[in-house]
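Every chain is named by a letter (A, B, C, D, E, F and G) in the order it is written, and numbering of its residues begins at 1.
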Amino acid sequence: MSPVQTLFGSLSGGTTVTLAVLLPLFGTAFIGLFRARPNLREAATIVTGLLLFGLVLSLWPQIMAGENPRFVLSTPIPGIPLVLEVEPLGYLFSLVASFLWIVTSLYSIGYMRGHHEKNQTRFYLFFAIAISAAMGVAYSGNLFTLFLFYEVLTLCTFPLVTHHQTEKARRAGRVYLGILLSTSVGLQLLGIIWTYSLAGTLDFQVGGILDGHISARMVPVLLALFVFGVGKAAVMPFHRWLPAAMVAPTPVSALLHAVAVVKAGVFTILKVSVFIFGPELISGTGAADFLIWIAAATIILGSLVAFTKDNLKARLAYSTISQLSYIVLGALLANQWGIIGGGMHIVMHAFGKITLFFGAGAIMVAAHKTEISQMKGLGRSMPFTFGAFFVGALSIIGLPPAGGAWSKWFLGLGTLEAGELGLLAVLMVSSLLSLAYLLEIPLKAFFSKPDRPPEQEGIREAPLPSLIAMGITSLGTIGLFVFPEPFYRLMTMVVGG
Amino acid sequence: MRILGLYNYWIFIFLMMVGFYILISRRNLVKKILGLNIFQTSVFIFYISLGKITGGTAPILVEGESEVVYSNPLPHVLILTAIVVGVSTTAVALSLVVRIKEAYGTIEGAEINAMDNRMPPP
Amino acid sequence: MGLFLDIVSWVLLLSGSFFAVVGALGVIRMPDLFTRLHAAGVTDTMGAGLILVGLMFQGGMSLVTVKLFMVLGFLWFSSPVSTYALSRATLASGQEPFWSEDMEIPDTARIPGMVYPVDATAEGD
Amino acid sequence: MRPTRYILLGLSLFGFWLVLSGHYTPLILTFGVLSCTLVCVVAWRMDRVDRYAFRLGLTLRLPGYLLWLTREIFKANVNVARIILDPRLPISPIMVPFRARMKSDLWRMTYANSITLTPGTITTGTDGRIFRIHALTWHDVDGREEDEMEERVLALDGQS
Amino acid sequence: MFIVATIAVVVAMTFAMVRALLGPTVYDRVLAVNMFGTKTVLLIAVLGFLTGRPDFLDLALLYALINFIGTLAVLKFFEYGDLGRRVDSEGEA
Amino acid sequence: MSEHLPVLLVVIPLMAAPTAALLRWGRAAWGLATGTSWVVLAMALLILRRVQDEGVISYFLGGWAAPIGIEYRIDTVNAWVLMIVAAIGALVMPYARASFEREIQPSKIPLLYAGLLLCLTGLLGIAATGDVFNLFVFLEISSISAYALIAAGPDRRALHAAYKYLIMGSIGATFIVIGIGMMYAMTGTLNMADLAQRLPEVSSRTVSVAFAFLTVGISLKLALFPLHLWLLDAYTFAPSAVTVFLASTATKVAVYMLVRFFFSIFGPGFSLEVMAFHWVLLPLALIAVISASLTAIYQLNVKRLLAYSSVAQIGYMILGVSLASVTGLTAGLLHLFNHALIKGALFMAMGCVMYQVGSVRMEAMRGLGKKMPWTMAAFVLGGLSLIGVPGTVGFISKWYLVLAAVEAGMWVVAALVLVGSLMAVAYVWKVVEAAYFQEYKGEFEVRQAPISLLAPTWVLVAANLYFGVNATLTSGVATRAAEVLLGVGP
Amino acid sequence: MSDQVILRVAVKIIVPMILLYALYVQFHGDFGPGGGFQAGVIFAAGIILYGLVFGLRRAQKVFPTWVARLMAASGVLLYAGVGIASLLLGGRYLDYSVLAHDPHHGQHYGILLVELGVMITVCGVMITIFYFFAARGRETL
């Protein structure tokens, strides 16, 4: 018996699933309770995170056994229950989110205190709610439930994005909420209701629910409603919210880019592709043809824009936009390798990008630098930070020995399976671009001479908790290259391998 | 009788038009109420005409006694009720006008609107 | 007897109608408020009186007649009071009665010791 | 404020009730008595508040006077109607003061209203014993009818 | 015969209306409206007989009463500017 | 006694109203009003349950049969509306105490409770009665008391607002009573069930005229665009508790009247096929949704902003009704309830602000996120519900509405509904930004609103969330009511 | 100048008759509904006439404001109370036949009481309204 099983073994699958969604909410009670005592407050977050991760892990045997634990919360609308159900893809997402929450919390302790941020209790509170929503997204048993948690995630990250409550934050918040809500309400919800009126159900089913209920002519329209309606996937032209959200504290960026938000977006698209439309409907009708090229365009344009940004966080943001469309591309290819690659890239990009953001945040806290051109020679003062940054960059580019190599490899196979050499070329060009815009940073830090040397005196490494967090994620990135097996197995279960 | 019934309808329509016209064309609050009253009076006349057509169609039967038939009180009651409603509305309206006059110093709708607009947006 | 009553009633109604119309005509013809009040008095006293009495003959000895009588009584009671209130209010508002310029008051019509408005006007000129 | 005044008032009101009612069941009669009592109470309260109580002018000469008045009213109406219908509209309006000799307000009001009721003359104001009379023509106030009217009203009061 | 009376009363009412429109003073209009009211009382009475339903007489009496009080109230309002004071010369204490 | 519930429901508040007016002490009147409203709620719930269990309840006043006797006839539709009105009443009364004490002269307070009770009586009566003329009488009882209540607002413009409402409301009432008279002239009955039976047998031209009069009249009472102008000032200047009450109940009952006349009395066949009312109302509803939402964005007074939003929300209800399908009517009826919860919560939150800050202008919201956290949190949650965020009642309404539009193949309508929701984001967020992104700059110390204001507010907020997550009951009743109205289903 | 003897005497004579007529209408109107309303209007008209001539203050001494308000309220209570009474006696709301042993009498009493309620309310409301308006002079209207 593992300690995990000792702790949670006695719980039934359905209970565990529900608990996984509710646990972070219980955590908020303690966070609120200890608002005057920061150490206890952060301890509450970490402990909740550990418990949550343990809870998620305890589901592993059941998932591997092919069981899908399920729990109906309520029935808001007759025929459309609010239901939680775990399948391998959602499980994969929940593993990533719950694990990275712990790491991000650890990092936050260093960052928020080092940066003397205000309203830290609120920060941890909404962070926990966001995780709860992310778990809800991961375990949604139907599209309705997913939409509910998707929107809750949008709303509870708003106070995080606008954490500083400045005029700039207010404007960013408007863009953030404006794009995410208008796409989800205006397009996604319409798609969902349309789906319901066609299929009479919103349940996620293997092979999809729409086949036979929709005319081939309308499939691309409905699919487009979802691809653009899931604003969190940041497919162009609905990507502006992600760079705007850069005003937030770095741990929030980590949450947005790696842990929950954008991942919830691409996860939704994968889910819709696999369980609502079904791979056969998409590939059979050629419905995704033009959408695939929009994803491809986003990949290239995102990389190009990233290239032009001197602000580190902005560059990372556009990098994310580009990388997310890899996953969208995988979902829209809707073939075996595309889906596996897309799912794997959720994990790989999460670990790689969170490492990069931790690095960016650490540079900001320790050296107060935000522009890449100012970072020349910083590597000597902060070797550990830039080392971790380098590892993260490798993963995003897709080079060994980082996990990103695997997902990019599978996505490449997916394009070949679809016979689209043009798409393969897009992937290659984008990787080359990311090689250029990401590796520039550690190279400058380690090998360039600072413009004004005296300025860098007194700069030391980031606070310890942040360093530990970076260590964990960069090691994880490498570990994922060595040991991608669990996630690969989950994804093969998704595609029915 | 037939002609009289028609007369009633013409009076009804005429009063309705006149009342409605006064109601919408006057800016003076009291004149508006006058118009409203004429407008409502037209309805009473309309109902009186109804009483002539349908009066006596439906008698009240008292349980226990066979066929004790009273005259149909229904149109009468309806008119009376409508009058009560109209009078109450007029009373409230006039008391509002009194208090508007106290508060604004005028009962000209245009002037009151101008004063309202001059005040800071609510 | 019934015919006789009917004829009486018709005569009353007809003459009442005559007075009502004539009085109303007077209200239009007369030059000022006070003189109009006289004309209005015609409709209120004779017009209403004859018509209502005419109706009483139709009503016979019944509650209807009692009520008609009450209507008449009330009209005859209230009409002079209203007339008085109207003329008084008009005078109070400063409006002078119409006075034809070429009018003379014979001495026989004068009450000793009274000052007539016409004299006051004449003296003022 | 004497009780007899209210007894008299109550009785005359009850007479009024009986004429109107036509239903002589015990229930309705009871209501009648109660109603008259209630009205008397209100009248008493009014008298107390306004201190303006006067003797009820219930006299047997009243019907005779009313008959005479009706005849006068008819005569005057014919006159005024003739004026109205005359194309020349032969009016000569005049405002004259009248002296009224009645002691009681009740009879002064009766006199004033009688003047107004006969077309051709209207009472436009009273100040003590002086009435201001407006006449349609000066013939209307040559004094003869008015004097007779005054005598008859005085007779109602028992003054003459 | 009732119809003759009805027409006569309506004609009288029309004349009253004409006077109300002509004015010229507000008191002329009050006179006209008051007269219109008393003629309405007559009309109700005559119409009751014309239609064979003389049970509207209560209404006629009520109307006469309200017409009377309304006239007094309007006049008092024009003269004194309010309805609450006493109308005799002593004024209200 | 339980068979008398339909009439007791109306008579008890009717008796409480004059009693409250006689009480000299505001607190005593408050106690009476609150107790009455709770009793009424209990009765409304009992009625709803009985209707669910046993079907239509019919009650003849005085034991006379129609058409002389007045029938109180309660099916799922009225039971539903009764429950909404009673529930809001039961929450507004306790809320009113502190609010009135701050905004109203003490000597007038008992009269205001009397007014609220009378208005409650009228609204309940409209919903309970099965007699169209009786409905008119109750309509005017509620309207006249509403005029008086609005006029009690602290700003002098409340008087003018009440006057304008009175004029428009009375025109509407007169149109309605003309329509009722025409129906009576044609059929000789005022009973709704009898009317429904006899109207198809008579000349359809006169019926059409009656239909037109009723439609215009009810639209005025309903504040349907473009007849909505009275509502704006009325909601803006009325005392806070009155605004809460009227915004959550009065227009809802008007929608009920519309539905009752169109579907139960004239019948879907006549209303939809002969008159095709939905082709008139649908565009108006859409214009209401879009134009009122757009105008709301530019308001500088939050109560006025919410008033514009109400006009838009009425548009949603009428939209659902004019889609004329089971899903559409369900959406409309569901939104009756849901919007009552939403606007109740939002206006209550504004009442709290009025209580502590003395203003509900946009500037007054600055920094209140910190100063009045519970109040503003309630506003945010209510606002999310107004927007239609999943997990709130607003979402359920939008769901059915869009579903009905999609089912009817009206894609533009579906899209416009969602666009309206996005506009709601814009105007709700203006308040949120003022409260949370700006600093409080007032001179005096602002404290948390008293618990007696916050508790009812949060009950409504909780209801917004609860019925947003578990709408089985509400949508079940609404669907059944829609089926009753369309004459389909069991 | 005038001493208003005409108005004062006329009012003192006519008001008691008006009041009695109101009560007559009240108690003879039970075979046709609506008597209560007319009676209330007529009664109130009598008081208003008195107030017009003798002044608001005196009218309020004869007929205090609180009495008018009490009447306005208690009439409604009476009206509704009769209905409740018929419920308590086992009938339907406003089913007066249960109010007495003989259903016919019961109906009679019921209508009487209900009409009385109507009269009291109408009268109270009208007088209250008159007091409201009479208390305000031209300055305010």
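Of note:
Note that in this section contacts are C-beta pairs under 8 Å (C-beta built on N, C-alpha and C of every residue); 3 or more make two chains touch, one makes a residue touch a chain.
Just so we're clear, the structure is a prediction, and the values are computed from it rather than from any experiment.
Here the chain-to-chain distance from chain B to chain G, counted in touching steps, is 1.
Any chain that touches chain C and also touches chain E is listed here: G. Apart from chain D, which is left out here, the chains connect through touching into one piece. Counting C-beta pairs in contact across D-G and across C-G gives the higher total for D-G.
Chain A and chain E have centres, each the mean of its CA atoms, that are 85 Å apart.
Averaged C-alpha coordinates give centres for chain C and chain D that are 15 Å from one another. In whole angstrom, the spacing between the mean C-alpha positions of chain A and chain G is 77. Between chain C and chain F, the centres computed from C-alpha atoms are 58 Å apart.
For chain E, residues touching at least two other chains, in rising order: 58, 61, 65, 68, 72, 76. Multi-chain contact residues, meaning those touching two or more other chains, occur in chain G at positions 1-4, 6-8, 10, 13, 21, 32, 54, 58, 97, 133, 136, 141. For chain C, the set of residues touching two or more other chains reads 18, 23, 25, 37, 70, 77-81, 84-85, 88. The residues of chain C lying in touch with chain G in their complex are 70, 77-78, 80-81, 84-85, 88. Looking at the complex, you find that chain A touches chain F at residues 73-78, 82, 144, 147-148, 151-152, 155, 159, 162, 165-167, 169-170, 173-174, 177-178, 181-182, 185-186, 189-190, 193-194, 196-197. Against chain F, in their complex, chain B makes its touches with residues 20, 23, 29, 32, 36, 39-40, 43, 46-47, 50, 53-54, 57-58, 60, 63, 72, 74, 78, 81-82, 85, 88-89, 92-93, 96-97, 99-100, 103-104, 112, 116, 119, 121-122. Residues of chain B that touch chain G in their complex: 62-65, 70-71, 73, 76-77, 80, 84, 88, 91, 94-95, 97-98, 101-102, 107.
The residues of chain D lying in touch with chain C in their complex are 19-20, 22, 70, 73-74, 77, 80-81, 83-85, 89, 91-97, 112-114, 116-125, 134, 136, 138-139, 141-143.
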